[in-house]
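Okay, got some structures for you below.
Consider the two complexes below, in which chain A is the common component and chain B and chain C are the respective partners.
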Partner chain A sequence: MTMEQMIPTVIFAAMAILLIGLSLIVVTAKSVFRSAIALTAALGIVAGIFALLGADFVAASQLLIYVGGIMIIMLFVIMLSQRSTALTERQTNEQWLWGALFALAVTCALIVQFRAVYRGVFATSVPTPTSVAIGRLLLGDMIVPFEAISLVLLAALVGAVYFGLDYEEKL
Partner chain B sequence: MTLSLHHFLMLSAILFGIGIYGVLSRRNILGILMSIELMFNAANINLIAFNHFLYPDQVWGHGFVIFVMTLAAAEAVVGLSLVLAIYRNIKSVYTEKLNILHG
Partner chain C sequence: MLELGPIISNAFQALQTWVIALGVPVLGAWILAKSIQVGIIVLLVSLVPMVLVYAERKVSAFMQARLGPMEVGPFGILQTLADGIKLIFKEDIIPIGADRMVHIMAPMVACAPVFVCFAPIPFGKGLVPIDLDISVLFIFAVSGVTTIGVLMAGWGSGNKFAMLGGLRGAAQLVSYEIPRVLSVVPVLMFYGTQSLHGIAMAQHGLWHGFLPKWFIFYPVVGQIAFLIFLIASVAETNRTPFDIPEAESELVAGFHTEFSGLKFALFFLAEYAYVFLSSAMAVALFLGGDDGFYANGFLPSWLWFIGKTFAIVFLFLWFRWTFPRLRVDRLMQFCWKFLLPWSIANIALAGLMVLLLHK
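Up next, the complex of A and B:
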């Protein structure tokens, strides 16, 4: 095995360990702010995995939309809605043990299936730039969902403004 | 050991399981929303991995991931403004406090 074949494996292993550790922090941290910071880092590592899989445009969009957009809004809302007493309160409900068992069961079932079916499927080509192909796809075969999603975004915008209004100011 | 498709699928399965645990066990609505984002990302890793290993000459997986990201952004915006409205009304973001409809 040559050095060039080892490098992606080592990078993948490092990113997988970091990603799993950060996501465990996201779901277990007592402070919601800390879990939001961990989620920001985890989404950045997911962008790295996209890049490892040859998805250059999607990796860049992941960084722009998730890390730069969604997480900033989430941090604002956390800072607007948390009280300092939350740090001393319990952050899990009574069914956390059953939730953990269920999540473990789902994960094990998925892993067994994936190992059985997709073991030994290797990449057959080297990654190429994808931006041109994605642009042609979005404005060609995917034009209907592309137009529909602009309506969804408009509805989300109006909904966010409506819910964000003060109660007395509402029509 | 060369990377194969099932390595990426196993990583996304673990990420999905962690997200399920977060959704089921968190008391805080914001924690539940963040766990849902984790599950979205597990699904996105699956789409990109299948695209890369099985259909390397097409980009349908990338297109779907872009749509999932856009919908996640819309969902986060509406969900977070709902959280703020709830917080203004009942001064709490814990799920067990949201029972004012059951009389």
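Up next, the complex of A and C:
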């Protein structure tokens, strides 16, 4: 491994360890707010991994949408609906062993499969400008799926407004 | 004529060759140079709020016939330094009911992103720290992290005023982020790039020999985009008339009620650094960046950029001391029923103009 390959590998390893640690905090923290904060940080690190792989647009979008949008709404909801009993509740139920075994099996399967496919492949790890290509793709070859997704989102928005209405207004 | 860009790049060249001659590997010299550059940016970003706090005091004093700082040093220049020293010596209080970890981390989360946001700002010729291809998106994405810090401060303090302030802050920041991002879209459509440096460079020159090619002078589209960006930026920085997350007369101090000493100072630093960042973005996006229109070359480019930025900063200060605070529901209505439709209409208009221009 040369020096140029060494640095991205070290950064990737650091980010991967942090990501795993934060993900464990997400599922084990007793306070819902704390686990949401850990999830926010984990999503931010995913953005870092995208940036390390050279996907600059995806990295910034990940940060903008997940950290700056979805997680803020989630934290907002948690702040509005916190119960003081939540801190004393058990974190697991009687099926925790089966759940853990299943998660372990999935992890092993993924590791084996990824090692078989991506062995010895190094990402360029140079931030390449990708926004132009993504824009051409979204408004060119992928225009139909892109517009279909917008329609689905519009339907979701209209539905959210409908559910948010007062009962009398609905009728 | 004192262009800083070439001087700094020459200095770094000399430093690198000198360090390599001393026997440091090329990679080490590169890392050293980058660390020093990062250090310069961090230092500048930490110093700017001190200037802005002083400016805020003086401007408010002139506008409202107050006295303003006078005692500490000539014209009270040392007042912010004295404030800083006072804040360092204050006791660091953590309330018993607070979530300790969240409480301690909140100011750091709120403050750290602002340093990163200055990376793609084109300060002048050869003074672009990193010319990112996605600068605009990058700044919006990273500055969004600050909202998490506001929410953490609100929740982690274990105080109902802080909680209300945090909730209000989250609602306001998320809402105003949308028209703010959409108001920039026409700029990107006209110039076909997201790089702030590229956008600033595209605005150099004159139309018909008298009108600068700045985006704010594009008919209709430019003015609407600039106004929406300016209003949404004031809201994003939590300043009056949009300061309901920290409204003193309603919520004590809002989300930072329970913070004292340096942790409070970090929130303050973040606020003023964001004011500076928003102004710098407005200059790069709408006011031609470091372009000096008729008097190009009369002053160095970085001075043009800083001068224009401080002109916009003055607008921020002016708003704060002349407008009354908006009510919470009015604030939301203003964003969702006025700014958002207009910014979308502006995008449609810009699309039409780009289409006609390219025909």
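Following the convention adopted for this analysis, the second predicted complex is superposed on the first by the 155 of 171 C-alpha atoms of A that agree within 3 Å, B and C clash if a C-alpha of one lies under 4 Å from a C-alpha of the other, contacts with A are read in each partner's own complex, and residues count from 1 in each chain.
Operating definition for what follows: contacts are C-beta pairs under 8 Å (C-beta built on N, C-alpha and C of every residue); 3 or more make two chains touch, one makes a residue touch a chain.
For clarity, every value in this text was computed on a predicted model and none was experimentally measured.
Model built by superposing both complexes on chain A: chain B and chain C fit together without a clash.
In the superposed model, A:I72 lies in contact with chain C only, and not with chain B. In the superposition on chain A, A:L153 contacts chain B only, with no contact to chain C. By the touch criterion defined above, A:A100 reaches chain B but does not reach chain C. Contacts of A:L139 after superposition: neither chain B nor chain C is touched.
Once chain A of one complex is fitted onto chain A of the other, the partner contacts of A:S61 extend to both chain B and chain C. In the superposed model, A:L80 lies in contact with both chain B and chain C.
A count of residues in chain A touched by chain B and by chain C gives the higher number to B.
In the superposition on chain A, no contact is made by A:A14 with either chain B or chain C. Put simply, the nearest alpha carbons of chain B and chain C end up 14 Å apart when the two models share chain A. According to the touch criterion, the shared surface of chain A, contacted by chain B in one complex and chain C in the other, consists of residues 57, 61, 69, 73, 80, 127, 130.
Residue ranges of chain A in contact with chain C, taken from their complex: 3, 7, 31, 33-34, 37, 40, 44, 47, 56-57, 60-61, 63-64, 67-69, 71-73, 75-76, 79-80, 127, 129-131. Residues of chain B that touch chain A in their complex: 1-11, 13-28, 30-31, 33-35, 37-38, 41, 44-45, 48-49, 51-54, 56-60, 62-63, 65-67, 69-78, 80-85, 87-89, 93, 95-96.
For chain A in complex with chain B, the touching residues are 1, 5, 8-9, 12, 16, 19-20, 23-24, 26-27, 32, 35-36, 39, 42-43, 46, 49-50, 53-55, 57-58, 61-62, 65-66, 69-70, 73-74, 77-78, 80-82, 86, 90-93, 95-96, 98-100, 102-104, 106-107, 110-111, 114-115, 117-125, 127, 130, 133-134, 137-138, 142, 145, 149, 152-153, 155-157, 159-160, 163-164, 166-167. In the complex of the two chains, the chain C residues touching chain A come out as 27, 99, 101-102, 105, 132-134, 137-138, 140-142, 144-145, 147-148, 151-152, 154-155, 163, 166-167, 170-171, 173-174, 177, 194.
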